[in-house]
């Protein structure tokens, strides 16, 4: 792909074009653990701060999508609660899911950011405008990502990416102004 | 707000006036993770030592309240078990919840401590007598708090704040005297 | 109590007299977290290695007991699975539970080891022959314990204490000989 | 057993002969925690990256087996989902389970790798071609293993071992070539 990767400035430039952020789920919005109970329930854990970040992003006009190779009703529940716009489950071929997503939204590669952690995420990480990996993603993904978060999957990586993009677009101060009364700021 | 923040002495002075401690829940009394099961259950984890601290605080005459933006039956169960006096769930506007709490209890801002972790907690952190953040709270909250706990959310932050306030009020030794027989102390 | 605390040699001497090991549960055999689900389930997590250690201790003739201030069917299940001999739940006054345990077993204080983590454990920690605290127990317990484990509650502290006692009694090599074929050892 | 243990080169040589990888479950594919709910459910957590690794190994022609001393429907579910070829539950005598596995598959000791964490795993670790322990396994296992993973149980140890073996056999680049388009690599 020959991307000019790594520099903060280059990534901020990429971030300014982003209109949609897509997330892998397991290992990105979770810590990669899935629990099973003896009666057959599947359980997975999400970070509330990531979720709040997605709401802030949506309020700022950014589209949110999930692209996951697995299928789980827990993911659909979480997506519904957050009002996630596009959810692709069972997407073993993530590139095909990205194609559908671009067709549905009319967006171009460079308007999309994606955050992944494992081998099957590589094709999307390599293709989108801002291809990202979580800090505990596998080496093959991290070395090919434009940006590696400092937080691990399920531990704030999603929020960190959202904040990076909103700051690059000059929208962060506006987002937090709702909460802050800083005569002293 | 122009608070004179930070010094231990100043915070102990603030703590001496506190008659009610209010806690955000997710990310403060939990580690910010919420689990979903395939059958639609929502699961969250609380720290037993925080809970024991709340019982100690109540025994010492301090009122305990929860103010959370989310709504969850797990939170109500935990509150019931601990005998928490005031529970505000679904409080997206936390300042309004604080107003209700003050009206109900007849207390003033300076008699209230609050422990939060995310952006929506800022208005309450900035207003109450002792505005606090957990160690893993977002930067915007930590920098505006009078006191940042050394423990993270769900990992003893609640207990730490309770103990700080009871010590400042000279009540801690009395609380533990029930358990200790220290001829050697 | 004026115990001569702390030295490894002194603790090994104490350990040689132990015939029963009693454990607090939350924060000692678990990491102190209790999860609640939206349908009212209470969930807590135990360490398999602690459990295996209890089986090894029983095989070596040591009695195992649980003394917990809370009541939970999960604890009874875990106790049943491990064949724990004595289970005291809802034991808010842990000294009274210890009295019952000594009456039932005919043992003396000095033949009992206890592992705790919080204030309500102090009376028992101070009284038994080998009073122990987990590494992440509250300071008031740790400073009064004969022995503080290097592992935290729920992270191997129980196994560590069992192994310390079995080694002091010269039983450890016998325990592991069943598993090891060390012509090279 | 007099194994010439430890060196990376020697382990790579051993790895080249491996045609089956067997895993203990609790403490190896999980972090060793088992949760119980008040209604009697048993819950355990697996790492998605380990599971993906097993799929990659199978695609490369390696047989996967589980050998666990406990019995749990969660393990069977996880095995079914991953298409694990051989599952031995309730295998308190792991050597006997290994015998059955060798008989079923027609493989020899040196064609098997095994990853364990606790005392009962020692007989198998000592016997197979590549006997391995997780980084947080008990000392008695780690010191007798040919290879100790740098990841802990439930935190990527399984994936790490699979990757080590596939690399030693020269199959890793082929495995990841499916995902990567590296004109720049």
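All chains are identified by letter, namely A, B, C and D, in their written order; residue positions are counted from 1 within each chain.
Just so it is clear, contacts are C-beta pairs under 8 Å (C-beta built on N, C-alpha and C of every residue); 3 or more make two chains touch, one makes a residue touch a chain.
Because the structure is predicted, anything quoted here is derived from the model rather than measured.
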Query - subunit A-subunit C separation of Cα centroids, rounded to whole Å - result: 44
Report task. Would you mind pulling out the distance in Å between where the CA atoms of subunit C average out and where those of subunit D do? Result -> 31
Query raised in the report: What positions in subunit A touch 2 or more of the other chains?
Result: 35, 37, 40-41, 43
Query raised in the report: What kind of graph do the touching chains make: line, ring, star, complete, other?
Result: ring
Report task. Just spell out which pairs of chains touch, all of them. Result -> A-B, A-D, B-C, C-D
**Report entry** Interfacial residue positions of subunit C with respect to subunit B in the complex
**Finding:** 1-3, 26-27, 32-41, 43, 70, 117-120, 122-123, 126, 138, 140, 144
Query raised in the report: Which residues of subunit C touch subunit D in their complex?
Result: 35, 37, 40-49, 52, 56, 72-74, 77-78, 154, 176, 179-184
